[in-house]
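Labels run A, B, C and D following the written order; every chain starts at residue 1.
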């Protein structure tokens, strides 16, 4: 089975086949290896790759997987061939808008921008309070504020849109 | 001894106290706010009562409700843990008038040490060096004058303060006005009191604190010192016992000053006298914490004294059972405070459900936590999820053990500060013991902190194996005659939840 | 120091050694049999290699395969842990000839102490008291004669023995013939050698053992003693360090005899000399274990010495870095061996999947285990799942802590010996320290052991709440338009497994 | 909802109704109490009953539940009214046979009885090996061996029938 994977902006083509239960032949961009992968605690894999023993904590998300390996965080888009073609068609009409979402549940303490305002990468747009701490949410892109979806004092859920920048 | 102890706290702090109760075979009572119903401290206690809704002011800070619960369930003593009501003289007084023993010092000791301006005066009178500054409340005009007299840099601090709130560092004259305004407004909102005072800012000082134990019979000893210089935003992150690199003479003098300070308020119970030690070897009284502290466990590990059980025995009227010469430290202990926060995203809080919780174990490791596998870390309270304490025969071994334990400690579902602690353990300046309160800023924040993603290959392989297994399972289900496409993820989740709920 | 260490063991024992490797920053290599692929020691190691199928003789006892793996991966030392090849002189010799360091004593020391008859002779020659008996191999006729000479009761023991196998107690003359036959046949099947010897059986004796450390440069010290009298079927269940109630003089004499015994075989590394202490205060050499023992952790806790790291340093040629006078014990440590077995059903093994694993924590608690939440305890190996070590400033506090930690320790899905340990902690005879090797038999087994079901009401209520929630969930599903009755539990389980497998 | 529960041979009638989420009114043989029951780790309930905090680990089995509370083990038959009537009809024709099953996976080391043999309560019938230990399986009843379902050397699964005594 062939997957197209994007990690940190780099695309890879990966071919996976099962040799025996829990053992896979995996070819990453043409380099082949045998991977012994066992699921242990709910979301944790124990992997042995060429003798090296390592653990990965894997959580599926829409269109890919997130994982931690030795404390570091990886976020990967994973699509198979069919889905890839579909995705291309869907995103062809889209634009480079940045939808700034709450990364945790909290309370909006301050709104720092208003619709129509120009913002730069890293500029603060919202101050959220959670767990007794104030956290400034920054714009990931340079552009213009199209929408401010929350107001001061409002409670927000994780994943809720705060600001739309285009 | 007490018949029943109510623990007026939550999470790790409450579990710590409840453990001491169990060891002493005293029934322990928990209180909980609504989001804390499934918290470990509730499950650990012999009895548990709801205290109110999520906001602390409506639950863990409700003195009347807490005393009512104590009376209802027959608790004859209340342990406040750390935080919440632990340094509230009014609560200590109310306990006394309600006939319930407050496990802690007298209301007077809490009050004098809680008012930082009064504490400075008391210490000066007792002959304890305080950081040069102004020991009186000041209006803005007077403050500006005093700042110029003392000379920059200075710290502007809330008189009612503590915990790093209502503090401003002033290094340039132009910052004075905004520092006064900022400190006052933060002090007003945090403590309901805008009073401030001024201290000289010590450059690259170390935070050294002396643990003391006093009984109700006039005995008071120190139980060694700790170094808590590793701080971020004035919050302690890593603590060490004993403090590295002090000469015997300096250590003895700091201990003596700690005892002197505590005696000045006839201190009863466990308390901590905090000092700033500057580069020249001079040290100054900073404040006294009139409660058990988060970092008490490292002192327990090196001295073998259970400080929480000591608090309880002292509050019950027992005279101190150890003499100063019995206090002997062995080895070195480190504590890492593990927070639910993302060190690579500006230490952003990371509440959520813990999906995997594998604790470190083995030689020299102690873990104090208030969470468990499947626990939802709430967004309403302090983000500390666990304290890891590592001990070794010497400092080198303590660091090795701490590193090993941090690597073992697996918390998934939320992000934690574990990777940050690991970097501190590998930092050459830390390993040398060359720390001061600017350590984290200098060594990490100013240099930027980013993840070291050295396992891209493993990540790619794992993602595809996971995708492959998912797709195979789906195909299998289709083949078995079920139309997997019909089931929305919600329905499957609903069924799973239903199964889980039995 | 070594470049890479292969750990020729599994489970808790392997994890213990791998922890030491991590602290010393030496890469650690695990080996695993087929059912152990997901074992914690495999996940903990830096590298892991399959060694064979489930039976130990085809995997963890395969000296050739293990040495092959060591060579292939570049390991320059092998740590055998405890059990399996740890006391196999042939393996130690093979390592030496293969150019891999065996972390343990010389093959000669292992061999002389492994042959119990030879060990008795050696000890007698060195002037160490041995249990009165016959130090030579005997045919049945000679054995009967000797038994009559020594006088009943006697122990018939396998010459190649250890671990309680091939042992028979003879209290009446009529039992002699069957005891000889039984011991020989068990010895033959367990050790491939039917040779037996005879010792006087000591009545209500205590098992006291001395921990020693010797280097390759002629230095040898003791590291205190332990009491391991609490045994069932000759297997240790609870151990204590130091041994309670010994006079200083007796303690010193036992230490001296332990050192004398170890020196007689030029002992290198960590080892244990076991003695039986009778009611009159006389003590006799029993045997020497030429390896690290399960219960080493309690000595680590009271002395502060990491014995596994000491083994590694000694094997690498370091001279001993501690002198006898540096060995100072602090407080008291207890170890409970937690087995997957049902104490209320004749200690029947209870393999299976651990569905909840909540570890004890807090002051004075150390946990060493090789399992985790979701782990399937295999039926093929030893049923020990964890070792709980509790330390206190004195014996009373150690027992309080141990009790508290046992109550915290939650293992679900399998039955464990935790409830049995809790009963020992509450037993007045144990609390007095009045223990000997018949303790469990006298205090528990002979009286019968049954559960104390004091929560019938809670059980009734909980069962109905669980049933109610299940039925409500089912009704909800039906109401949402799905026919829940159509789904067999197998299909639901299959779907769940598929979801879990991603 | 009314349940009929059997614990250690004693029958109880229990009425459960939900007052608010996770809070129940439970009447056991007419004695009513309010129970606050939260599910925590996979199979563990945290209960607060009249202020007392206690944990129960609950696993469903065919026709009932098994649980551990403070280390002790409870096994309960739980049926609702409808099922109870059905069960009565089913078991009416049954006899007092004892079906001796393997309580763990293992290997049969010895068969100690043969068909037709009389056995007493507590008499050993099979020796099973598991986890390096030999375990003698005893007859829970006095009667006659009707069937020996395994032979020496055979591997058995947990729950598999070993011997039938009537």
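FYI, contacts are C-beta pairs under 8 Å (C-beta built on N, C-alpha and C of every residue); 3 or more make two chains touch, one makes a residue touch a chain.
Since this is a predicted model, take the numbers as computed values, not measurements.
Participant: Starting from the Cα centroid of subunit B, hunt down the chain whose centroid lies farthest away.
Facilitator: Using the mean of the C-alpha atoms as each chain's centre, the farthest one from subunit B is D.
Participant: Looking at chain pairs A-C and C-D, which one is connected by more C-beta pairs in contact?
Facilitator: Top pair by contacting C-beta pairs is C-D.
Participant: Using mean CA coordinates as chain centres, what's the gap between subunit A and subunit D in Å?
Facilitator: The separation of the two C-alpha centroids amounts to 47 Å.
Participant: Where the CA atoms of subunit A average out and where those of subunit B average out, how many Å apart are those spots?
Facilitator: 32
Participant: What residues in subunit C touch two or more of the other chains?
Facilitator: 44, 356, 358, 372-373, 407, 466-467, 470, 501-502
Participant: Name the residues of subunit D that each touch 2 or more other chains.
Facilitator: Only 41-42, 55, 58, 60 qualify.
Participant: Once bound in the complex, which stretches of subunit C touch subunit D?
Facilitator: 340-341, 344-346, 348-352, 355-356, 358, 379-383, 407, 410, 412-413, 415, 418-419, 422, 451-468, 470-472
Participant: Where on subunit C does subunit A make contact in their complex?
Facilitator: Residues 30, 37-38, 42-49, 73, 372-375, 500-502.
Participant: Using the touch rule from the top, collect the residues of subunit A that touch subunit C in their complex.
Facilitator: 22, 36, 38-42, 46, 48, 51-53, 55, 58, 60
Participant: Which residues of subunit A touch subunit B once you look at their complex with the stated criterion?
Facilitator: Spelled out, the residues of subunit A in touch with subunit B are 1, 3, 5, 7-8, 12, 14, 16, 18, 24, 26, 28, 33, 35, 37, 41-45, 47, 49, 54-60, 64-65, 67-74, 76, 78, 80, 103-106, 130-133, 135-136, 158.
Participant: If we count contacts the way the header does, which residues on subunit B are in touch with subunit C in the complex?
Facilitator: Per the stated touch rule, the residues are 15-16, 19, 22-25, 44, 297, 300-301, 304-306, 330-331, 356-359, 361-369, 372-373, 393, 397, 400-401, 403-404, 407-408, 466, 469-470, 473-474, 476-477, 480, 482, 491-492, 494-499, 501-502.
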